[in-house]
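Report on one structure; see the data block that follows.
Letters A, B, C and D name the chains as they come in the text, with residue numbers starting at 1 for each one.
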Amino acid sequence: MSIFGFIYQYMDNFAFLILAAIGLAVIFGMMGIINLAHGEFIMLGAYITTLATMAGIPLFISIALSALLVGIYGFIIDRLIISKLYGRTLDSVVATWGISMIMAQGMLIIFGPSIQGVGTPLGSLSIGGENYSVYRILLFVIAIAVLGVIYWVFMHTKFGLQSRATMQSQEIARSLGVNTNKVYSLTFMLGAAFAGLTGGLYAPTMAVSPSFGNSFLMQSFVTVIVGGSNPLIGTFLSGGVLGFVNSALNMIWGTFYGRLGLLIVAIIVIRLIPLGFSGLVEKKLMRGRDA
Amino acid sequence: MNTSKIKLNTENIVGIVMFIGLFVYPLFVSSYQVLNLSYFLSMVFLSMSLALIWGFCGIFSFGQAAFFGIGGYFYAILTMNIGISAFTPVGLIVGVLVGAAIAWVLGYFMFYGGVNDVFVGLITLCLTVVLETFMGQTAGSEWKIGEIGLGGFNGIDGIPTISFGSFMLTGINFYYFILFILLVVYVGLRYLGISKFGYTAIAIRENRERTKLFGYNVPKYQTTIFAIGGGLASLSGILYATWGSYITPSSFGLTAATLPVVLVAAAGRKNITASVIFTIAYYWFSQSLSASGSEYALVILGLGLVLVILFVPEGIVVALFKWIDQLVFSRIRKKPTIKLKEKEKVHGHSIN
Amino acid sequence: MNQLKNSNIFLVLTLLLSLFLAACSSGSSASDGSEEKIKLGVLEDVSGDFSLVGVQKLHGTQLAVEEINENGGLLGKEVEIIAPDTQSDNTRYQEMARKLILDDKVDAIMGAYSSASREAIRPIMEKNEMLYFYNNQYEGGVASKYTFATGAIPEHQIETLVEAMMEEYGSRFYTISADYNFGQISADWFRTIVEERGGEIVNEEFIPLGESQFGSTISRINEAKPDVLVTLLVGQEQSSFYGQWALEGNTDIPMATTVNMVQGYEHLRYEAPALANMYVTATFMEELASENETAKEFVDKFYEKFPDDEYVGMEAEAQYSGVKLWAKAVEQAGTTETDAVIEALESGITYDGPAGPVTIDPATHHAIRDVYLAYSDKEHNITFPRKWEAVEPYWLSTEKGVNLAEKDDFSQYTPID
Amino acid sequence: MDTVLTRSANKVSVKSILELKNLGKYFGGIRAVDGVDLSIREGELHCLIGPNGAGKSTIFKMIMGVYEPSVGSVYFEGKDITKKKNWERADMGLSIKMQIPGVFGELSVYDNMRIATQKHTKLAKMDEEITKLLDLMDVRHLKNEIVNNLSHGQQQWLEIAMSLACKPRLLLLDEPAAGMGPEETEFTAQLVRKLNKEGITILFIDHDMDFVRQIAQKVTVLHFGQKFAEGTISEIESNEEVVQIYLGNG
């Protein structure tokens, strides 16, 4: 494989891990809620994009629509269910598991086991006799842009400030007049919107079915575990490292070892640095906070 | 309060009635229903293993499915390689011990390394999925242990039933065998709840750091409990494997890993009786739904779980126990809360 | 506070109970006065990963049974289908197989899609001496007294496919297959047959189930530059390969498969040219309607009964023909008693199916069938450049010495045993 | 209450039971505890005072092994216990009542006591021991109550009873009278003196100078993580600098 081939693989893996994980990371990192329905949120995004494109809406607008609608859907789910479970990590596991069952089977009932897919746009690029999908390169750019958006939201908006405060200490934030419930709701909505975006982005590259989200679930969990609670630093570093591990093992020994490698790295990381990469970075950068 | 006596409350009455019911059940139903209930009962051990480590000791694990699978696979490979039916009970015991030993090693690795809470959940989840990924790709003929191919996604077939000499544990015998073990384990776990060891586990669940300061070697207790849980999950896997003569990597899957957590949480994780009852009810309910061929089965199950967690977060069975307790037994027993209110006035320092 | 909590519990309980009753009422209503009926158990996935094919197969059964009942039933009795949902879950298959046999006391069972689910229930069938039809394309090799396989097997699909591809394109093959038993054994078949014919397998890759990202696989294929790319991918996730291949792969290389298009109608579900330049060997597919009058009749009947369905694939036809074969054998035996029906099935029984005659080979319990080579062009138009008539499932009997009509057997053989 | 009388009733040996040598704890750049030397003699009733953030609770946590010191060492009865696990320290005779009550709120008073007691008392004698300790704290009537329903003062007493169940030779009390009314504070003061008389060395932290005056024999003042002054209560109260930095602020 050529050097560029490897770089392309790496970019591809990196984008996949980042986009798979980001919605989960935002919700887990900021709210401490493990969203087992994350895969189904992604699946919902894929359906929206596919159906909208079929209805004649241009693909990229459909994708934006996915993010928007899944975000709104997330907001509704939060108001109805998740908001009753703030601070109860393990109960939220049960509830989101129930939600995922309802969504996957509900989608099967409504649209059947599969819907017609949308082709991957933008064609391919030929370098050194090999073809590279332009759309996949774009996905890499979008993954980086998503991280940029998160940086901007959390560092430069009022919501970001409030949510960082809430993440540090809910009680202190509340005593400072932050409406923490509102922050949580918006965070969940944001996480859901990212999941919807991911679903929309990958819908043209994959088979769209009620089990669409399963393709992302393992990778997203591993990325979040390795990354730790800070959705920005954690996801970025863990996507970078895991993307490399995955691409390298995949290239040398094949797909199975690439996948196994991800899981083994995750186990080692939790054992050595339970708070993940972001925990490590925060410890180094912001000493003194744990006093 | 004298904890060593059996109290008259809903949980105990239901527990006793349940076991009497299970003992006489085969008299009234077809052999199919007995066989079916044997399957549900084998899965009860898996729930109990999680109720033990999570409910009692506060260790949140997605890994019980891993020990379940390890038990099933180990039993299959061992007994099928040896091929003597008289050996099967030994296979059962060794399988349980191996499950416990592996859990012990994993527990040692985690608890002595200071891994706790949700991170235990995550590490065990990864481990379970590793096992599934690994076993799923062992379809090739090069994956053999002794004479037995691991079989990849299809799993291992033709796992021998447990037999004592020429006495085969099939049908009704198998049912009573499981029921007997269930009774022993259930009584054991209930006893554990009032034993010194059980109190330590509860203390660790309530406040790990504080418990250390009372002189308890917390990692040691956690590791031990985790190992017992691993053994129980392994037992469950072995019984399941002998029930269907069959084990596959899907017993390690994401679904399999999360289901015990969901069942125990929905039942009420601090209560063994609740998880036993709820597990049986869940399997029966979901099977009936499946048998009806209804495509709404999974939707109904999911909706049920969400409702339970929203409205009865302490667990539906536990909530029911409390409700009946209040309804029936509060008239027999006097309420201690009244006394407290008076005392609070004296000291004038109520925290609420 | 307590008051409120109590009423909540009550509310939830009532809700759960009513949900349960609602779900069960549909299941239990069928049990009265059923002594007069012949019961056919069907185990197919209506939900879960495999429902894409499972639903087609269930509908195939329902169509066949409806036709039988309209023509006066079997032995003068009405045929009733009992079809629990196996939810793409192998343990569920076991539970439901037991229920059908022990509780519902069905006369025969049809079903299972994946090899794993078949292997989960086959021992139960054997133990309970239950007549079982596996109407599905598979990796071949099952020799069991109680099992009849009416779908396509390697003799039908792989030998023909290798023959056609070698004649047309060359002898260097690259296989990528799902990493489980079906994929492994099918890849072994390809290797055995390609090498027998003097060809070469340049690489063999096994893809974990559920994988949806194929970047590195595609670049390896591009590098190896095979004459033919064999794709034995299974499941929704893995079918993402084609879209990715169309963009990044060297699409001059023809793809050859035994599973795609015919089962999951990927050529309709994906935008062209994802499946361009793909060959598949089929015993049936919906597009045969343009070639063949009986096929057209079948497809029309199917859509008339199930207007919302999206495709009538190979397995729907296999299941349909399986039911018809069983019915014919029951009529011939004059009873539903298992041994008598098996004897009738072993008499060289034949049914004129939608895509040509389906005949049971007594020695192997597999079907003798016509095979079509289907080709998808850049616009996903399907043509049938070639046809083989009455391809026999010879391998078990000639290579492994199996003769189920003479001697009982309960095992699965593989090409590299 | 005559403080002189109580003091003379104690026998303070010259042997030190606890010694801290150059003990320090740094959180990043902040030095919460910065090189403290401290010696507690057997039988003493010693108080640590100092403004908020002076590092008192951090020292307690290092003595119990909850925090690992950044520098320095802890000696208990002449043995270096700096590297010992917290449960090993508890077994050696160290026990603590924490600042935020370290009781098991979801459990009953009896269950709390049982957890503390069963490790150090034979099962047959356990109920007897529990009753004795609850009587000592005057909370026996609450035996079956859930701890979260107890008042703050009752929870504090319960925790003292629990730490006594560990049969300590050195008892650390972190603000034993915090949040109590005058009656309750008085009860606690009597209790502490009584325990000390029975031979338990006690090191405690408190802000309430009346309370400290009632019971402490010796006082150590901490300021910004360092030892600022040490002496009898009258010596401390007459130290101008101490009054300025701490007592003056009230």
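Throughout what follows, a residue touches a chain if its C-beta (ideal position, glycine included) is under 8 Å from a C-beta of that chain, and two chains touch if they have at least 3 such contacts.
Source: prediction; values computed, not measured.
Trainee: What is the chain whose Cα centroid lies farthest from the Cα centroid of chain B?
Mentor: D
Trainee: Need the central chain here, defined by C-alpha centroid distance to the all-chain C-alpha centroid.
Mentor: Answer by centroid distance: B.
Trainee: Using Cα averages as centroids, what's the distance between chain B and chain D in whole Å?
Mentor: Centre separation, chain B to chain D: 42 Å.
Trainee: Averaging only over C-alpha atoms, locate the centres of chain A and chain D and give their separation in whole Å.
Mentor: Inter-chain centre distance comes to 49 Å.
Trainee: Hey, how far is the Cα centre of chain A from the one of chain C, in Å?
Mentor: Chain A and chain C have C-alpha centres separated by 36 Å.
Trainee: How many Å are there between the centre of chain A and the centre of chain B, using C-alpha atoms for each centre?
Mentor: 32
Trainee: For chain C, which residues are shared contacts with two or more other chains?
Mentor: 47, 179, 206, 208
Trainee: Can you tell me which residues of chain A touch two or more of the remaining chains?
Mentor: Expected reply: 105, 108, 218, 256, 259.
Trainee: Help me check something: in the complex, which residues belonging to chain B touch chain A?
Mentor: Result: residues 60, 109-110, 113-116, 118-119, 122-123, 125-127, 129-130, 133-134, 137, 254, 258, 261-262, 265-266, 295-299, 301-306, 308-310, 313 of chain B touch chain A.
Trainee: Which residues, counting only chain B, touch chain D once they are in their complex?
Mentor: Per the stated touch rule, the residues are 1, 196, 199-200, 202-203, 206-207, 209-218, 336-337, 339-340, 343-344, 347-352.
Trainee: Inside the complex, what are the residues of chain C that reach chain B?
Mentor: Touch list, chain C to chain B: 2, 5-6, 8-9, 11-13, 15-16, 19-20, 23-24, 26-28, 46-47, 83-87, 89-92, 94-96, 98-99, 102-103, 115-116, 119-120, 122-123, 179-181, 183-185, 206, 208-209, 414, 416-417.
Trainee: Would you tell me which residues of chain B are touching chain C in their complex?
Mentor: Those residues of chain B that touch chain C are 30-33, 35-36, 39, 133, 136-137, 139-141, 151-155, 157-158, 244-246, 248, 250-251, 285, 287-298, 300, 303-304, 307-308, 311-312, 316, 319-320, 323, 326.
Trainee: Within their complex, state which residues of chain C touch chain A.
Mentor: Where chain C meets chain A, its residues are 47-49, 51-52, 55, 179, 205-208, 210-213, 215-217, 219-220, 222-223, 236-237, 239-240, 243-244, 246-250, 264, 266, 268-272, 274, 308, 310.
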